[in-house]
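Okay, so chain A shows up in both of these, paired with chain B first and chain C after.
Up next is the complex of A and B:
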């Protein structure tokens, strides 16, 4: 074999383990659950192989499933907006701060290293019946017995915002940091106030970062099921909880496949729309 | 930020500080409560004590979960880093047709919602005869961590110049020798960063793990989850503190050590 041919083969040899892993552990399994979603659960014994539309009919027409799906999208949307509102000024501050920039950045990375479940359950210490807030209010004499603040939709959103905010800040930061400050200065020297300069120069230029952060937060928020289990009440199930119920509790794997695929289709189409207009590079920039 | 912007800038600074407090205060409370002497481990703080750490040490279920998480994390880091480093090398070093497509394929596991990834892997591996087990957990953790390792390693690889390897080759080293005595030492920071990332993500994973773990096996996060279902006991806060020390302290220590070694070698 010639040297050129060997050179040309080398990268594919290096890539083959990772590509095989992704193929065998992601793409083939995804295709498999497409097939599985047309099978039927049998009362006893293995699932019935075939082509049945029952699961899909149930997933697409059941009012309860539709309600949970819409509610999940609503929760994810609120979470995304809150993250943007909380995250943008913070990200802007880090990008434009001169003093403790490195410290702020290290602190920003820290939540990524702190366990998700610890961060989620930490709110029980704050809002629980014997948590910090209740004991503070009781010591101050504002209330005589603990108020129930936990286990509702609000705390689910709170938990999601707390978990996802760093993703948003990081993405906006990367974007704002890449904007030349002399652009703002130029706008100022042309008579714009700081606020006008921000609205008409910086904000539009940082929209790709905001969009990347928004997409990440929305998709991660809409597909979570641990946060509602820990911080939500029995009626605060999100769509991924339905999937978990079907697969783990009811062992109805064909139905669980259809539910998973519906979630994938809904969130996947968002990712595709994003990719069509903005491309993936902004996302990978924030993650790298 | 002078003149009319000054007040606005102060407001932004205050806002940013509040956002940081929001991110860290609850976690600080976990650490604080884990040293609480109070018998219920809740407020008010009645004194400083290590009793909950002691209880943790004597809790067999927790110690078992720790061992499971540790082994799983190390194996995940080993496999994921190997795959990720090889793939990054291919993409950084060679002009490949369709490299954007390849990159998208390799980061696809984080573009797919984790629940969907978890369900499809569970059902498929079960179909081909691998039930819920450690191998399934390992496969899941590898595929889930691979994109992160790949992105981190790829970002760090870009800075390494090809000249040094070419010099070694032209001086008569075999490709193997070149890789192990030139390329790998240069790669080490990237490899270490990737491995650390994979370990931490694996150690922290719960979404997929709850689908893949066999009955009776718990990792630290699933153990905490199971304990939460009973009640919030101060032991959980102690466990949280230990996890924070492990997943935050070790990387920081590692980074500090690496910097120290680097300056020593440099000077």
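Up next is the complex of A and C:
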């Protein structure tokens, strides 16, 4: 075998464990789900094997699924905007801080050491009728009866922001940290105020990080299941909850497969659009 | 159980016509290979030595009681280990079992007669030899008959405990008199808007909606009225709870004042000192739990374990731990001091005072109602 041929094979040999893992753990299960989505649920007993479009027809034409999907995207969008507004100043502060950045980054990562479920449930102890906030307000005499704050769409968004904010901050931080500060100095020396230098130099240069964070937060937010379950009221459900109910409660795996694929297609399309205009490299930088 | 006994049973099954000659000889041969030679092919022998049995249950105090009174003595007597696992919910567990290999799951502590029917419909049942479970004689016939209605010629489970899903209420806000006066309708009383809870289970929602609309839950004639009542409750409710822990938390923290609740969980709240009342309205939702042996399991080893689990000392310890009465007939067994005080306990052993769901009726409507409830819950 020639040296060229050997060199050409080498990357594939090195990649083969990762490719095998992706194939076996992602691609093959995904194909199972695709196949399942064309089966039919039987009222009792095993599912009807075959190629039926009934599930797809339902998920694509039924107002119910469209409503929940749009509501899910709305909640994810609000969460993304809130994370951007709250995360940008924090990321900027860390990137431009003269102190110990590592310590601040460790503090940012600290919540990840605690279970996401525990962090979500902590809001019950904060916002509940006998929670910390109501107790404080009642002790201070601001209110005489507990305010009802839990179990609505607002608390679902709050829980999602709590969970996803670090992802946004990290992505913006990576982007801002990579901007040469002499560019801002140059803008200032040319007569720009600090605010103008930020708006016209720093912000545009950090947009790829903001977009990468936005994409991550949106995708993770839109596929969230636990948060609406714990912090939502009877009506508050996101699309992933429907997938869970179809597969676990109704034992309708074919419909659940079609629903999960629909969510995958919608979110996958968003990733493709992002990749077309901004490229995936920024995303991997942020995650790294 | 010794090997000789296993061979005798194989022979008995062959003589009874349960095994054909070819299978019988094959099993004997495989067993001989497994025991005599101890080769890696031992796993192919259905009569091989069983080294462990997996039990899946609800965990917590129940699991501790099982371990102490049933699993450890069983292991000591047979040399078979019991792998004790827990599940979060019956639906989730069934999904796992369906996706598993035969024999991976052995015995499960299942809810309701629906689950028995569902497992049977999915072909996950086995045929238990009740002669190997002498403690079955202590079990109430009323509980066993519910399963016989689904599989008249055999049983794949033994009844284990029962309870009710009745009304739980905070006595600081709702008096006993008001509760008895309003009954199930208190769950759709606008006076308690935002202070009402409910289980997210579609069966319970429909059951109570049937009671609220004056219908029999086992023979609903006006389904539209039921859905309207479910919607009414949804709009007044603060939260649909999804687990016993969440139910207890919502009541204990006074987030909600009234909800349906599981009798044992409410009793636990009362034991903790919370002033929570419990009332079974007429037609309250009665249910029973069983220990189901899943297809592919080592049946004889499971039968022996079931007998340990049904022993009065085990049953009573589990009942006292989880606050649900055992399946044992109080007229045949001394159930101690605490069990007769548990909610839903029936001293007559007939269970005539409780209303159980008709599995045929409810499972027949499951596909339609569970999907419709998912829509109604979200505002449709």
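The criterion applied here is as follows: the second predicted complex is superposed on the first by the 269 of 288 C-alpha atoms of A that agree within 3 Å, B and C clash if a C-alpha of one lies under 4 Å from a C-alpha of the other, contacts with A are read in each partner's own complex, and residues count from 1 in each chain.
Please note the rule applied: a residue touches a chain if its C-beta (ideal position, glycine included) is under 8 Å from a C-beta of that chain, and two chains touch if they have at least 3 such contacts.
Just so you know, these numbers come straight off a predicted model, no measurement behind them.
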Fit or clash between chain C and chain B when superposed on chain A: clash
Chain B versus chain C as contact partner of A:30, first or second or both or neither: first
First (chain B), second (chain C), both or neither touched by A:46: second
First, second, both or neither for A:274, with chain B first and chain C second: neither
Touching partner for A:235 - first (chain B), second (chain C), both, neither: second
First (chain B), second (chain C), both or neither touched by A:130: both
Chain A: partner with more touched residues, chain B or chain C: B
Contacts of A:248 with chain B and chain C, given as first, second, both or neither: both
Which superposed partner A:218 touches (first chain B, second chain C, both, neither): neither
Touched partner set for A:173, first chain B, second chain C, both or neither: neither
Of the stretches 92-100, 128-136, 182-190 or 272-280 belonging to chain C, the one that collides with chain B: 92-100
Overlap of chain C and chain B interfaces on chain A (superposed complexes): 124, 128, 130, 229, 247-248, 253
Complex contacts: residues of chain A adjacent to chain B: 10-12, 14-15, 17-19, 21-22, 25-30, 32-33, 36, 86-87, 89-90, 92-94, 96-97, 104, 107, 110-111, 113-119, 121-126, 128, 130-132, 135-136, 139, 162, 165-166, 169, 193-195, 219, 222-226, 229-230, 240, 243-244, 247-248, 253, 256-257, 260-261, 263-264, 267-268, 271, 280, 284, 287-288
Chain C partner contacts - residues on chain A that touch it in the complex: 41, 43-46, 64, 67-68, 124, 128-130, 148, 150-151, 229, 233-235, 237, 242, 245-253
Parts of chain B lying in touch with chain A, wherever the complex brings them together: 1, 4-5, 8, 12-13, 15-16, 19-20, 22-27, 29-30, 33, 40, 42-44, 82-84, 86-87, 89-91, 93-94, 96, 100, 102-117, 119-125, 127, 139-140, 142-143, 146, 148, 150-152, 154-155, 200, 203-204, 206-207, 210-211, 220-221, 224-225, 228, 232, 236-237, 240, 243-244, 247-248, 251
List of chain C residues in touch with chain A within their complex: 89, 91-92, 94-95, 98, 118, 121-123, 194, 198, 200, 202, 234, 237-240, 242, 249, 253-255, 363-364, 366-367, 370-371, 374-375, 377-380
